[in-house]
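Given below, in the form of structure tokens, are the structures.
Same chain, two partners: subunit A is paired with subunit B first, then with subunit C.
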Partner chain A sequence: MGTLMVIDQPPYGIWAGREALDMAFSLAAFDQPVSILFTGAGVNWLRTYQDTREINQKSVEKNLSAAPIFGVEAMYACARACTQYGLGPENMVDGVVLAENSSDLIRQHSHTAFAG
Partner chain B sequence: MAANPIHSYTLVITGAPYSTQAPQTALSFARAAIAAGHTVDRVFLYGDGVHLASSLCAPPSDETHWPTEWSTFLTDNGIPGVACIASALRRGLVNESERKRYELSASNLLKPFIIAGLGEWVEGNMASSRTLYFHAGG
Partner chain C sequence: MTDIHTLHILNKTPEHPRSKACRDALRPGDALLLIESAVLALAAQSGPESDVPVYALASDIVARGLGQCAREASLVDFPAMVDLTTRAQNVISW
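So, the complex of A and B:
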């Protein structure tokens, strides 16, 4: 049940992921059940110690850390994409559940949405 | 033979006119849905999709004017068209009250579009039986 917001875009270079996060927070703010799946290049959102000074961008780490506060139920990361992008327990933010099979996850939700 | 179920739709457009086909595809869908007896509850413009609500688009005369096409369709069918305020302000789409608030030189929101928050999208999700997304590349 609930909505699965899918973030498949990297945190920098394109705005769609940020807009997807805003959608997730908005659902949560209206007490609608929502979880987020990071997949493809989107798993880079979950990297710790993002240093964005040289690209003159705000780090997305702070935005993402607000997810549990807003009431986002769960954050999932595609296990295969994590391997592809070199993400593991040592460099990933806490509280992320690895998803071996994203299609199962999609089936468990009544809505799936991308920001773009 | 079982009758086809009737659906109510919220349409979300995130692709801009003239850089993606999303507004065109969404309009074709909306017309077909209504012709088949379904309803369109509302249209929500998000991200680059808000450019569809600009009154300042001036495409060449041999190209379709997608903002006007959408405006006419929404008005004729009494369907609310909502542009996300956060997306709109970032991209230079403002109504008269936002123009005053931010002391801008002009407003450019095409009727009957209105500017409102993501809550409109949330409400659409809850109220409609289907929510469909039209992204860049769609």
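So, the complex of A and C:
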């Protein structure tokens, strides 16, 4: 079922997550089946209304919106991590599927790669 | 006037082992300043229940879309952050 990029690093604090997103977009651009799983602190990428002007960084929200255009098959979020960080449908970006069991999801993919 | 004994500046996520080490080191008379990824603790269910004053850098809160859940921390801007450091006898950047 293709490659699963796992992003468990928080947004903005370090660059590892962005590198994983770029890797996922590159794979998708070369028609490799790829999906992304946000877990742990990585689910914080998915919160809406990120205003990053004062930290001089591009909002990851904008990067994420490009995922379908690149052909990323699906974006998943670990349900437990979302609960832990107070994330729900009302404050998450659209098009993200809640994954009840991240391990099963990882096992369903032929390749898995992590950020950082 | 140094009314803060030790100012602990934390930039790690709540899950990072150093976050727990920082919390264990808090003593009465200290203060905790959350910056960068550490502000995510304010969104976490468990929340940073600590008996020392907790501050958080506003630009990092806003960048992560956490505006509405910064309730148990006092938001500071950069000048106020510098002022905090001048009020502390010791500063630890975890």
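Note that the second predicted complex is superposed on the first by the 116 of 116 C-alpha atoms of A that agree within 3 Å, B and C clash if a C-alpha of one lies under 4 Å from a C-alpha of the other, contacts with A are read in each partner's own complex, and residues count from 1 in each chain.
By definition in this document, a contact is a pair of C-beta atoms (placed from the backbone, for glycine too) under 8 Å apart; a residue touches a chain by one contact, two chains touch by 3 or more.
Values in this document were obtained by computation on a predicted structure and should not be read as measured data.
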Fit-or-clash call for subunit B and subunit C when the two complexes are aligned on subunit A: fit
Partner chain(s) touched by A:Q84 [first = subunit B, second = subunit C, both, neither]: second
Subunit B versus subunit C as contact partner of A:Q50, first or second or both or neither: second
Partner chain(s) touched by A:G116 [first = subunit B, second = subunit C, both, neither]: first
First (subunit B), second (subunit C), both or neither touched by A:L27: first
First, second, both or neither for A:L98, with subunit B first and subunit C second: neither
First (subunit B), second (subunit C), both or neither touched by A:I106: neither
Greater residue coverage of subunit A in the superposed arrangement, subunit B or subunit C: C
Which of subunit B and subunit C A:T3 touches, first, second, both or neither: first
Per-pair minimum CA distance [subunit C against subunit B, superposed on A] in Å: 14
Residues of subunit A that lie at the interface with subunit B and also at the interface with subunit C: none
Touching residues (chain side subunit A, partner subunit B) in the complex: 3, 15-16, 19, 22-23, 26-27, 30, 32, 111, 113-116
Complex interface listing, subunit B residues touching subunit A: 12, 14-15, 46-48, 86-87, 117-119, 121-123, 125-126, 131, 133, 135-136
Residues of subunit C touching subunit A in the complex: 11, 13-15, 36-37, 40, 43-46, 58-60, 62-67, 69
Complex interface listing, subunit A residues touching subunit C: 10-14, 40-41, 44, 47-52, 54-55, 57, 59, 83-87, 91
